[in-house]
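Sharing a structure, written as structure tokens. Questions coming.
Naming follows writing order (A, B and C), and every chain is counted from residue 1.
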Amino acid sequence: MTNLMAFARGKGLAAAKGGAPARLLFDEPGPRARRRIRVATVVASLAVLALLLLAVRQFAAAGQLDAARWQPYATWPMWRYLLNGLWSTLLAAVVSAALAMAGGLVLALGRLSSRRPVRWASAAYIEVVRTVPALLLVYVVLFALPRYGLDLPLFWKLVVPLAVSNAAAFAGIFRAGVLSVDRGQTEAGLAIGLTRGRTMRMIVLPQAARRVLPSIVSQSVGLLKDTSLGFVVSYAELLYSGKVLANYNHLLIQTYIVVALVYLVVNASLSKLARTLESRQARA
Amino acid sequence: MDALSGNLPALWDGLVVTLRLTLLALAGAFAIGAVVATARVSPVPVLRAAGTVYVETLQNIPLLVLLILAVFGLPEIGVQAGLFTTAVVVIALYQAAYVAEALRSGINSVAAGQGEAARALGLTFTASLRHVVLPQALATVVQPLGNIVIMLTMNTSLAAAVGVVELTAAANRVNLIEAQPIPIFVGAGVAYMLLASVAGYVTGVLERRLAIVR
Amino acid sequence: MVHAPALSRMRRAALTVAAVVSMSAMAACSAEGGSPAVPPGAGAPETAAADAFANAPVAAASEILPGSTMEKIKQRGELIVGGSLDAPLLSQQNPVTGQVEGFDADLGKMLAKYIIGRPKVKIVNSASETREALLSNGTVDVVFQTYTITPERAEQVAFAGPYYTSGLAVAVKKGITGITKPEDLDGKTVIAGANTPAIPAIKKVAPNAEIVTFGSDPECVQALKQGRGVAYVQDQSLLVANGKSDPDLQVVGEPFTTDPYGIGLKHADDQMKTFVNGWLKKIQDAGLWQQAWKNSIGTVVQGEAPAPPAIGSVPGS
């Protein structure tokens, strides 16, 4: 799913360093331009507002805004149930992220290995996995493996495919991070008599780790979104909890709006963290 | 392998739907993404804010949730569209946020002097973006955009959850009847890999074409 | 790792003491609130269900044979059931209490009480395709999940029962004409739950119908109301329940399939099969089966509980 942004970001690592602020693309608007902008802004905002009002009116006319349809989400038991789901979402995300990062590190080092078969195998894994949908991997774990006697517990039915697919994405991030460390660092390490492994471990990786931190956080946001595949697995994460709730109270649309908002708040906070980390690094 | 060959028509239909979903959503995502990216670097504060809100909202809600909300929610505000159309639009809107971010970071990667030089020549915002900054940005964003194409292809599989019988749904249905998951899912996986490798190949060619030799 | 069933087990443990209290509180709540969000009959039958468990029989010690599956369950102190959390009327989690409610869920609890002495159940939420594997590798003791007995399945698992007979029916949006029997669906767009038995059944009676699937029952209902298909094929009792809470929905004709539901057990575990069949007979004779029906499906289907199907009457059972 969102894995592939990691590659995009990895690539962008080096480029972003000398980035020009977008402001340089235009002169500060003069008084006349400012007036035009103001008028256009007001007109456009009014148009958007009118559209929104129309949508809300339609929504209300369809009875979707009736107080009775929203009242359950003003009660604690519904929220307790959803927050339980959120907790399961976070748990699944954290465990898959840990596994995917470990796998990704191994794969990244494999791709940078001096041995050809290792390099080749890692590259093959990454290429295959990043071009197969996570949903398909979920179906394999859900329907195919039990046929061959491997029926994982529900939690792992979600975590394993996510870890497998995200490992490739994390490998991309780590590889870009390692490559972004100046060659001179490796050369210096070798020159003072460290082995290749030690140079990697003691000199290159610590520097790379700092640089890839923002990409790791934003990849984790992607992974957190991927846990919504629990809907398919029937693992009781946030979206599946929403499904059970909607089944119970028949409030399909209200429930999914609330679920969407919870995802938005959690992920936006994580994304903000990623940006904070990024800007702190840009300053350093 | 009988399960695979015996059900080729059903799987082929699924593949065609996946292809149509991918291409239509891709066109939409690039168009909308370009607009949003322009908004995010424009001189108009409201546009910049709107662009930011757009990207933040769509990148932080799972596509699956957006799909379900759109399919069942839009008819309630009077927008009735078919499942396939809804899926195309939602996937396009969702991926547009990623396209916009890739384009923006591409624009930011162009040296500051280029924009300044363009302005010094008297070019307007749009003209300097179109003739000076974007052509240079394009070379650096080909790779990220190629990855978004692959990501979008994979994401079309989520349309299966809202009743669109694309490749993944077709494979799942065939498996329900044939109960031969390994050949069926491997077959579907190979089809996705072929689609992705086409995208990868085109990306590679474009990258070489657009590379700016200095 | 704490996964969902374990979580709900924790919650359930915490709630066991307060269960009766909170359930009667809920009944009061729905009586005075009158919110349309609370499904019909969600309040009152709960106390009745609690009564049903109080009267439910416990097996004599001599019936728990040494070395048997029953003994293993008794020693564990918990019956592990393969089931659902999102099957209204049969096995649906109540988000307020965390309890799983419905006909299947209540039978599971009664079976647990019969073996262990307490209605202590852990539900392992299972996709329908994995039930055979869950039973054969011992992840679950029994499966209560609209598990239709077929001779093919009986080669992989053992079935006690049948304990209930149901059937698929057709629902349409109120006011739609021209659909009076399942054959009328041929050439039309029909809505069905993803991975449900409705899909092959529709293919059989209406080979040219185009089937659109959605992940859950409320999604299918919404899709029907929004005109994404002309009809919705689902278990009759579920459709009747939907029709009750939603006046836009209309059930057409009688069920067109006969699905005998069995209790899935490990293949060739004859001891357990005899034991479970014995228990089923007992709760049917004691009127507890009928009470469980009244508390769940009976809240939406009119009239008295039907006569339970004869145990062992279906090929494969």
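As a convention for this text, a residue touches a chain if its C-beta (ideal position, glycine included) is under 8 Å from a C-beta of that chain, and two chains touch if they have at least 3 such contacts.
Predicted model only: the values in this text are computed from it and were never measured.
Visitor: Select the chain whose centre, defined as the mean of its C-alpha atoms, is least distant from the mean of all protein C-alpha atoms.
Guide: A
Visitor: Counting contact pairs per chain pair, which pair wins?
Guide: Highest contact count belongs to chains A-B.
Visitor: What chain lies farthest away from chain C once each centre is taken as the mean of the Cα atoms?
Guide: B
Visitor: Just how far, in Å, is the C-alpha centre of chain C from the one of chain A?
Guide: Result: the chain centres lie 37 Å from each other.
Visitor: When the C-alpha atoms of chain A and chain B are each averaged to a single point, how far apart are the two points in Å?
Guide: That gives a centre separation of 16 Å.
Visitor: Would you mind pulling out the distance in Å between where the CA atoms of chain B average out and where those of chain C do?
Guide: 41
Visitor: Which chain B residues touch at least two other chains?
Guide: Within chain B, the residues that touch at least two other chains are 68, 72, 161, 172.
Visitor: Using the touch definition from the top, which residues of chain A touch two or more other chains?
Guide: Each of 143, 147, 231-232, 252-253 in chain A touches at least two other chains.
Visitor: If a residue has to touch 2 or more other chains to count, which residues of chain C qualify?
Guide: Within chain C, the residues that touch at least two other chains are 129, 215, 219, 222.
Visitor: Quick one: in the complex, what on chain C touches chain B?
Guide: Counting only chain C, the residues touching chain B are 129, 194-195, 199-200, 212-215, 219, 222-223, 226-228.
Visitor: Using the touch rule from the top, collect the residues of chain B that touch chain C in their complex.
Guide: On the chain B side, the touching residues are 68, 71-72, 75, 80, 83, 161-163, 169, 172-173, 176-177.
Visitor: Sort out for me which residues of chain B touch chain A in the complex.
Guide: On the chain B side, the touching residues are 40-46, 56-57, 59-66, 68-69, 72-73, 76-78, 98, 102, 104-112, 114-116, 119, 125, 128-129, 133, 140, 143-145, 147-148, 150-151, 154-155, 157-158, 160-161, 168, 171-172, 175, 179, 181-182, 185, 188-189, 192-193, 195-197, 200.
Visitor: Which of the residues in chain A end up touching chain C in this complex?
Guide: Residue positions touching the partner: 68-69, 71-72, 77-78, 80-81, 84, 88, 91, 95, 142-143, 146-147, 149, 151, 153-156, 231-236, 241, 243-253.
Visitor: Provide the residue numbers of chain A that touch chain B in the complex, in ascending order.
Guide: So the residues of chain A touching chain B come out as 1-5, 7-9, 11-12, 15-16, 18-22, 24-27, 29, 33, 37, 40-41, 44-45, 55-56, 58-59, 62, 64, 128, 130-136, 139-140, 143-144, 147, 221, 225-226, 228-229, 231-232, 239, 252-253, 256-257, 259-260, 263-264, 267-268, 271.
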